[in-house]
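Two complexes come next, and they have one chain in common, chain A, joined by chain B in the first and chain C in the second.
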Partner chain A sequence: MGKRTVIPFGPQHPVLPEPIHLDLVLVDETVESAIPRIGYIHRGLEKLVEKKDFQQYTYVAERICGICSFMHGMGYCMAVESIFEADIPERAKFLRTIWAELSRLHSHLLWLGLMADAFGFESLFMQSWKLRELILDIFEETTGGRVIFSVCDIGGVRRDIDGATLNKIVNILTDMEKELREISHVFFNDHSVKLRTQGVGVLSKQAAFDLGAVGPMARASGIKLDMRCRGYAAYDRIKFKPIVETEGDSFARISVRIKELFQAISIIKQCVALIPEGDIKMKITGNPSGEHFTRLEQPRGEVVYYAKANGTKYLDRLRVRTPTFANVPALLETLKGCALADVPILILTIDPCISCTER
Partner chain B sequence: MEMEQQTVRMISPQDLLADTLRLKNGGYRLVAISCTNKDGMELSYSFDKNYELLTLRFVLTEEEQEVESISVIYPYSFLYENEIKELFGVRIKDIAIDFEDSLYQIPVKTPFGRKEGDD
Partner chain C sequence: MSYFSMSKILLKNLFHGPYTTLYPIKKKESFGRTRGRIEIEIDSCIFCGLCQRRCPTGAIKVDKANTKWSIERFQCIQCNYCSEVCPKKCLTMENQYTSPAHEKVRDERIKCTNIQSPNT
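This part shows the complex of A and B:
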């Protein structure tokens, strides 16, 4: 029997962009179990729905997270629109899909950079974030913002993207694809990356299901779960298949996200080819009454918005269940039996977003 | 507009474990547990199978604000249950990992269980 030690990991750690604390129970240098502790950035944003009316709350929803800001706004708007039984204009659906996939590109590139940084691959980190800058530039040109966009609104979107800009976006993404292939080559083939990730932190398909994993975490373990398959926004007119790997290890999770980068580019190109002319917003009057659960596929996985309205301008309840919240139990499972040195990499492979988790 | 089928089934708190077990055996995934503080604590347990959402729901009155944890069936429900316990003040018994109201470590006790005007 080795020596048992409890090591506090976090809330501040070089690999953690946001604070989370884990008590790691070790036997020698092997993790026996991990106990999470959150609460460092809980803002009570769900409670704010009692003070901000349902229109104003769109701006609050966007601020749940600085990476998935657009998708939070979109999910909230979709939940309220569903209560109104409003079918928003087709062009707005395509624009939302384009911005959502750009958000996926931005999020996955940010994550790839952090992952490279955790390996000590500084150049790869900078290459990944250089490409991410291109996406942020597109956001700035099309929405006026790089982090918070405020383009999503109940009933559609506030801004249109003209044809010339859409073509420019396609050209930027086509050029980006070439550079992405070079970066991916390193992630897929580098000896050190493989050593640090292959066979490490394995989450079996059954364990992923039993622990409620979502997003790339679930898909890397062989679960074909992707909310975009439900066909919300313009996804019902786009050709795509969920990216699924079967190994369930850290390498598989990297692989899923890298392949989703190329998939996101393909989806955006399809949207540009298919986007119809027309209105970008419909007028919605009155106050919502009823309830609805809306689910989207954020970069980290399934997110749930539950909105309950009472016919006044203030909602009774808004509940947001974010993907990182759902993936914490799966993370704890992958940590069991791993070496202490692998803990930072394993935490990163779920792409944790603590702002989302705590709201 | 979304076309998802959403079913909300009202149950009694006493049937929660049995109904949850049936869903688990039927291959359902627990998606979320939500609580709404309106005329009592309304608890909604949402499950998914093949992208269809099924929600089990009941309302706890002031007197009976205690419910069994479903972590014996879905172990990962512990986070949802700790959150509801700490933010809303719903008493949930036998949670697999009970943080004893310190998941979020907030200074205000059960903030979501309070209404405007409460002390």
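This part shows the complex of A and C:
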């Protein structure tokens, strides 16, 4: 039995994009347990729903997270639209699906870059972010913003994408797919990547289920859990299958996310082929009254939106359960028994978004 | 398992040259929809105050008595909501961003109503 030591990890650490604190209990170089602490960037955005009216809050909801901003706005709009019992125009549903999948592409490419950076593969990091830049340009061209789009609105979307631009997006994605295959070849086959990720941080299927893991974390452990299968927005008309791996280690999580990149490109292409003509927004008048609970699949996993309205223009309550919050118990499980040097990689494999978690 | 899997990409990059834009020499063109900053055509403004009430951050102030419209540039989040609700469509979103500054100064626009026409 070696000497027990407790070392603080974070909230400021080179590998962490956002602040989370972990007290690591070590026996020699092996982690025995980890005690998390959050609350460094709490902004009180849920409380703000009482101060901003339900239309204005669309812009606040988008700012819960900088990476999955569109899907936060979409989740909020879906919850409020359900209270109004509004069925938004078909074209708006397809446009939302296209932007949501582009967000998934941008989020996963960002994560792959950060992951490569965490295990010291700098050039791979640069390659991933080079591809991500193409997606950001598509965002700017279609919505006007590179990160925060402000296009989702209660009742539909604010901006349309014309046919020529849709075809241009498909062409960009087709070209990007070739470069993506080259990068994924490195991730799947490179000796050093495998050495750092294979067999590291194994989460069994049962443990993932018991600890309530969501998103790629659960899918890498063999749980077929994908909220897109519920068929919200235009997903009920798109052909896709959830990507599931069974190994449950860090390599499987990389593999799930890389395969989801190709899946997202395929979904966007299907949307462009199927998108109908028509309105992009329906008029919604009056104030909402009632409550609704909705779930959707963000790049990091399942997000839950609960909204309760009281007939005035201010909502009574808004509750957001974000994927990172659900994945923290699973992270603590994977940290048990790992080497200290693997801790940064394991924290990154859940794709942590602490801004979402604390709101 | 391979050891030099990155070589092909690296060789390609070597002959391609930089992917980044050499900023001060070559500037990136903005897109038609890029949300940069809000501008007002003050002569068309009727000072209804709708933009002030709808602004999520409270950046806009409308003073009907003095026919003054002002905006705190660094408080504005470029959401375009004011421009959408404006009944006279006198608010427009420009493509250029606000320049960096050391101080926060309210950007004011005053509508001149008492100037007599030179022909009279």
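The rule is short, and it goes like this: the second predicted complex is superposed on the first by the 359 of 359 C-alpha atoms of A that agree within 3 Å, B and C clash if a C-alpha of one lies under 4 Å from a C-alpha of the other, contacts with A are read in each partner's own complex, and residues count from 1 in each chain.
One rule holds in what follows: a residue touches a chain if its C-beta (ideal position, glycine included) is under 8 Å from a C-beta of that chain, and two chains touch if they have at least 3 such contacts.
Only a predicted model underlies this, so the values are computations on that prediction, with no experimental measurement involved.
Contacts of A:K47 after superposition: chain B is touched, whereas chain C is not reached. Looking at the shared chain after the overlay, A:E141 reaches chain C, while chain B stays out of its contact range. Looking at the shared chain after the overlay, A:P19 reaches neither chain B nor chain C.
Contact with chain B, but none with chain C, is seen for A:D87 once the two complexes are overlaid on the shared chain.
Of the two partner chains placed by the overlay, only chain B lies in contact with A:D316; chain C stays clear of it. When the two complexes are overlaid, the chain among chain B and chain C that reaches more residues of chain A is B. Residue overlap on chain A between its contacts with chain B in one complex and with chain C in the other: absent. By the touch rule above, chain A contacts chain B in their complex via residues 35, 37-40, 42, 44, 46-47, 50, 78, 81-82, 85-88, 209-212, 227, 229-232, 292-295, 302, 304, 306, 308, 310, 316-317, 319, 321, 325-326, 328-330, 358. Interface residues of chain A, counted against chain C in their complex, comprise 52, 55-56, 59-60, 63, 123-124, 127, 130, 140-145, 148, 150, 158-159, 182-183, 185-186, 189-191, 194.
For chain C in complex with chain A, the touching residues are 1-3, 5-6, 8-10, 19, 30-31, 33-35, 54, 56, 77-81, 84, 93. Across the interface of their complex, chain A is touched by residues 1-4, 6, 29-32, 34-38, 44, 46, 51, 53, 55, 74-76, 78-80, 97, 99, 102-106, 111-112, 116 of chain B.
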